[in-house]
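Shown below is the structure under consideration.
Think of it as A, B, C, D and E in the order they're written, each chain with its own count starting at 1.
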Amino acid sequence: MLRAENVSVRFGGLRAVDDLSFQTQTDQILCIIGPNGAGKTTLFSVLSGFLKPTEGRVRFNDLDVSAMRADRVALAGIARTFQIVKPFRDMTVLDNVMVGAYAHATSYKEARAHALSIIDEVDLHRKRDFLASYLTLPDLKRLEVARALATRPTYLLLDEVMAGLNLREQHEVADMIEKVHQRGVGVLLVEHSLAIVQRLGQHVLCMDSGRLIAEGTAADVIQCEAVQVAYMGIVNA
Amino acid sequence: MFSKLTDSFRQQGAALWLSAAVVVIVAAVAAPWINPYYTRVMIMGLMCGYLAASWNLIGGYAGQMSLGHALFFAIGSYSVALLARLPDVPLIAALPLAVLVSVILAWIIAAICFRYALRGIYFAVGTLLLAEIARILVINSDTLGRSQGLQIPNTPGMQNLSFSSNLPFFYIFLAMSVALALASLAVERSKLGYDLVALREQEEGAAALGVDVSGIKRFAFVISAGLTCIGGVVYAGLVRYVEPGYDLSLSITLIMVMGAVLGGRGTALGPFLGGIVVVLIQEALILLGSTVGTTSVSALAQMIYGLFFVVILLVFPRGIVGQVLYRRINRKATQLSVRTIQKAS
Amino acid sequence: MMLLTLLMVGVTSGILGGLTLALLSAGFNLSLGVSRVVNFQHGAVVLWSMYAAYTLWDATGINPYLGIFLLAPVAFVIGYFLHRWLIVRSLETPEDSQILFSIGLLIALQYLAQFFFSADARSLVPEGMQQSIIMGPLFLQYTQIAAAAVSLLVLVLLHLMLTRTDLGRKLHACAQNPTGARVSGLNVEHLSAVALGIAAACAAVSGTALATIAPIFPERAFEYSIVAVVVSVLGGLGSMSGSILGGLIVGIIIAVSQVMGHGDLALAIVYALVFLIFLVRPTGLISAIRR
Amino acid sequence: MPSLLEVNGLHAGYGLFSVLHGLAFDVKEREIVALVGSNGAGKTTTMRAISGLIQSTGGSIHFNGEETTNLTPSQMVARGLVCVPEGRQLFPEMTVRDTLLVGVSTPRARDRRDQSLKTVYKLFPKLNERSGQLCGTLSGGEQQMVAIGRGLMSAPQLLLLDEPSLGLAPTIVKQLFQAITDIRDQGVTVLIVEQNVRSVLSFVDRAYVIENGSVELSGSAEELINNPDVVNAYFGIGSKESVS
Amino acid sequence: RAQPKRIPIGVVVGLTGRAGPWGAPVNNAVRLAVEQINASGGIKSKGGAQIDLISVDHQSNPQMAGTQTERVIQVNNVLAVIGNATSGATMVGSAVSEKAGVPMISTDLGDSLTNRGMKYFFRIGARASHLAATGVDFAEQMVKVTGTVPRKVATMADDSTFSQDAIQGAISRVRQTGWNFQENVSFPAGKVSDFLPILQRLKLSGVDLIFHALFAPDGIQVMRGMKALNYDLMASVHIAGAPYTPEYVENLKADADFVTDVVGFVPELTGKNPLLANYADAYKAKYRRDLDDQASLAVTCVGALYDALERATDLSSGALAEALRTTDLELGSNPYVLRDGIKFDEKGDNIKAKGLVMQLRKGQQRIVYPSEMATIEAVWPMPAWSKRT
């Protein structure tokens, strides 16, 4: 169980996340949507221990994530990707993933085998010996996913990993995510692609200016007027 | 362990390692027969290589440019000199003592620096300042011999690091170097190695994958300091004189940095090659200068020494070994892409 | 009473000396802080400027501060082309290669100076600037006053250039993301060479000022680079007001500890303090983030 | 009508690694042309080659009747060709306003500075709100807005947009696409790379489909949107079963 | 007729780096002396054997001094080494030559050099502390003559090995005089950009006699600082270091006058003896600077070597060392003995080496002490700055 309790994050005068609470389980794919600057990425940073909330806290089973260092959180089972990708540019794709694989692997052999299987899963096999700096942006996002997956997470936080893919490729990634989910990994997903949100979002949260403005099934949330105005730009809903 | 080694052979290029092994064996066998001068040059080369490789752990793999390693080198050499003032203590006893002191000091420094997130140039300058502070304190300390330094009497006996010729120092540094090279190689493929390089490339990205960024940096710094200190102990045994103007100067640190960067920072073999090259170039230029023997020609020789780094780094931006490995990776990627395109069309 | 007098002496000469240090660091700070070019050869460029100022003065006898109007433009041009033809090639290399690259240049330039000028010290003693204003225990040497004034002038101009002009904005852009600057139509190679040219011109000014204060000899180069690094990093990379502050702090601590009879430990005290400041402000005293 | 941009037999790549193999297309004045193609097809490489960020190894590029193969980016901007690159390429420690002003580099852009600034702020009101914030701390979408805004500030004659909708919320994407049509009406020609194939084909004049570094298909927007191959390849519902 | 034999001799000095200013004159002086010896028929007792000089730069780096000494001994098979023009380098370099049984004839003055029980180490100059004591002796005598006791005495030295040895010697000797000793000021060599705070402190605390051990640039700047502060001293007594170097006078011009310095040689000494003047003139003609104390040390090393080579039973290091041990020379015994005379004790110290005090007068180095050698009467106290033109 992953739960945010009254989380707020302030940057100077700006409330990027404002008294937000929700909870999710590993049997769920949770989608978070919202306009640009709504606070989605900031929320992910809090959930993964990268940012300490100004107020409130995050619980992961019995752990208080908000009091833990990011690397501990990762080892405990919450893996995140970065929207603005942070690859190890001077390492090959395989080596990038190896770093994640080593989070739990005990030997080189094991780590390598695990990394290779993950690379297969995200369809980066052809480029496994490329330096990360040679990848295109969508490939870098796949690499983010691969690295996160390699840490054998309980919860996987995916921040706009499908940006830059066409619809068909997006669905391929969605297939992959579903497969991962079926292995028992809880998925939290930030996406701007409504098609994907509708497909994957068993449960959808919509944020605006740091607050939760709607919550429910994909269909419900998308119907909601506040969401239509703030997010989809349907002016006279 | 063995599977790691074989894999690294593939990654780093078996040719590179094999030639290194051949060089080591040839040198080890030939050493007793060569002119003592060449022995001494090889000793200095190995020492610089060894020091560069020790520095490489924190400066290369972890990417934290420490400019304070002279401190640890001096702890090693000064411990020998200080022990020499006590009656009847074998000088080799300096080794565990000095390593202990260095490791503790390094741990404290690292804990402070990494706790307060000193990075990049701030870490470099911060460590430089610490070493300089130490140097000034030594210069003002009577016990530590001020700027005049301390001599280490040549009390015979292996336990006093004293031998009738320099040859044993050659084998000591050779053994230390080989051990360190193999250890670096093993580390490179271990979790530690991956964590180090990852945090060098992207600290946040590494933390997201469960890498304890400051813990690992601290660990690398401590080990690197301990190894550097061992170099200092052996060096003191060789020259039997310690002084702040060399042992605790920025120039000894720079030798380590130059060796590592020139050879290829973050590679297992590069720093050894780099250290040896730096020493050989210096020797060659001094030799060149001494054929004329005037001051201005010696100045020119030093100028060429400076330009040498400029040129080498233009040709091998990632250091000699680093660039070779980089090209290898590039070639591999290119071949792969050609293959995929052929398949596609 | 004596203590107070000494303190006053220390502070006044610390302020003058500190401003000179700030000037010394200005060029370095501009290239590393703004252009992100590691410029360890700065000390050697200052050294060469000292020799240039000396040679000019020796040959013509004119006041070295007038000579600046000749030397600074020449230094600009040299810096510009040195960057365009040589240093720019090092920029694609990893940062520590750049550092070593510039140390290589430092060594080369320093020994080239020794080749031409030998290791002997030389002094530039400008006519009419040898006196000092003595007020009770306090004293102000004309040469130091001139250096401090020039330093303030240069640093304020640089500060205005960086924060108030298009050029400043462009320099920041080129450094922070060359690709981004390129697609915005900036000629990155040209602009960063301009920055290095300005840095060299600053070196020319500080070289001239230093030459009137201290004897000139080749071994100085390394020292100057280190001082420039410490002062810039202490003040805050890229910030000219930081350079002033850093220079003043370093200058005053050194002068006060000298005047208190701890000249031997002066640098240790400075270094320890700078280190502590790093811990509290790991990016220097004044952050260069603009407007 | 003469072509504003003409690309002929373009070859380009990275080091030994070649990506484009004789790519050819053209863009006429006051047109909006889209390049579509799958991941890794070479679209970004094409944009880079045209705007001078990478050197081409063969073929030619003509802009406004002048051969501009292998000119530098600043020369291209001076001639009125401006690129909003993939990956934003912002200045992390510069404020939003300053970043936008960096885009003003030609005399033409200087003349229109205030007007362009108004346009940008109108298109992305968020940027006006955040004009003093450092780009490095902006959200992903906000950064994308700045990147587009900076391109607009250069007052281009031909604007290259490499996946401008990346990371933008649907509201903003809509406004953006509207704005692209608007600026075309003001006389700017646009070449756009988009993955959002369906929406992009709804407002562009023509499109090229690029695969493996060369043009595979081309035609007017309607032609392509009705082409079953295109539908299959780019906006199929995705899961393999439904494509087959 | 057989070719004359060649005698390889090493000169290992710092031509670059911190100690460059001392290495250069040593190298120059040795080269010129050897040129002259070779031209005048080499070592006559050895069939006119010619000396081959191998000059090597140790870059002011002790470790390098070790390696280079090893090189000249092992590769060039030198019979003796002259060096190393910095005490620190000599600590390491002489250990190497000692191990190889090759004599080192040293120009260096650091006290500890001859405290190591070495058999192949020969020092030409007087040890630093001895020079320092001479300086204080001189001051004591002047105080007695003039009858004014200095109010306060201070010492000032940079952090180089030699200066520290010298200043420690001066301090312990000053403590015996009963004068009011204020303090010792030490600072990093060549790194202080402004001496005014230090000088103002000394001035305000009433110090009127200072003993210095400084290297030239610092010495120059200290003097300029005194002038700027209008700081009038009874005397400024240097121990070797700055004032004897040609650059000191070149840089300070008339302001250098009345400074005193303890040295082992002044150009004046050669004037009395045409044999010696010959070398000094040739030196000046060749290198365009006066033969100074440091260079004279180096020439005198050659003087000792020349003599020992002539007397050695054969051309081996051992024989040469043996000959050196029995050296007994006077000033002018051969054209290259430009200092007091040479006779080594078992530690390798030259027991004939003494210090003399010179005072700069109109830019000339004039001997003022010991009285029997004095060529001019010392000006004591120094004239006030306001009285100088």
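Please note the rule applied: a contact is a pair of C-beta atoms (placed from the backbone, for glycine too) under 8 Å apart; a residue touches a chain by one contact, two chains touch by 3 or more.
The chain lineup, named per UniProt: A = ABC transporter ATP-binding protein; B, C = Branched-chain amino acid ABC transporter permease; D = Branched-chain amino acid ABC transporter ATP-binding protein.
Keep in mind it's a predicted model, so treat the numbers as computed, not measured.
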Both-way neighbours, i.e. chains that touch chain D and touch chain C: B
Where chain D and chain E overlap in contact partners, by chain label: B, C
Centre distance in Å when chain B and chain D are each reduced to the mean of their C-alpha atoms: 49
Inter-centroid spacing, chain C versus chain B (mean Cα positions, whole Å): 31
Length of the line joining the C-alpha centres of chain A and chain E, rounded to whole Å: 75
Set of chain E residues in contact with two or more other chains: 16, 18, 20, 24, 159, 186, 188
Residues of chain A touching at least two other chains: 134
In chain C, residues with contacts to at least two other chains: 111, 114, 118-119, 264, 267
Each pair of chains that touches, named by its two labels: A-B, A-D, B-C, B-D, B-E, C-D, C-E
List of chain C residues in touch with chain D within their complex: 166, 169-170, 172-173, 176-177, 179-188, 288-291
Chain A residues touching chain D - in the complex, by the definition given at the top: 11, 33-38, 40-42, 83-84, 134, 136-139, 159-160, 163-172, 174-175, 192, 194, 230-233
Contact footprint of chain C on chain E as seen in their complex: 16-18, 20-21, 24, 159, 183, 185-188, 190-194, 196-198, 200-201, 204-205, 216-217, 220-221, 224, 227-230, 245-247, 250-252
Chain E residues within the chain B interface of the complex: 11, 15-16, 18, 20, 23-24, 27-28, 31, 53-57, 59, 61-64, 66-68, 70-71, 73-75, 87-88, 91-92, 95, 110, 112, 116, 159-161, 164-165, 186, 188
Chain A to chain B touching residues, read off their complex: 48, 50, 69-72, 74-75, 79-82, 86-92, 95-96, 98-100, 102-103, 105, 108-109, 111, 126-127, 129-131, 134, 147-148, 150-151
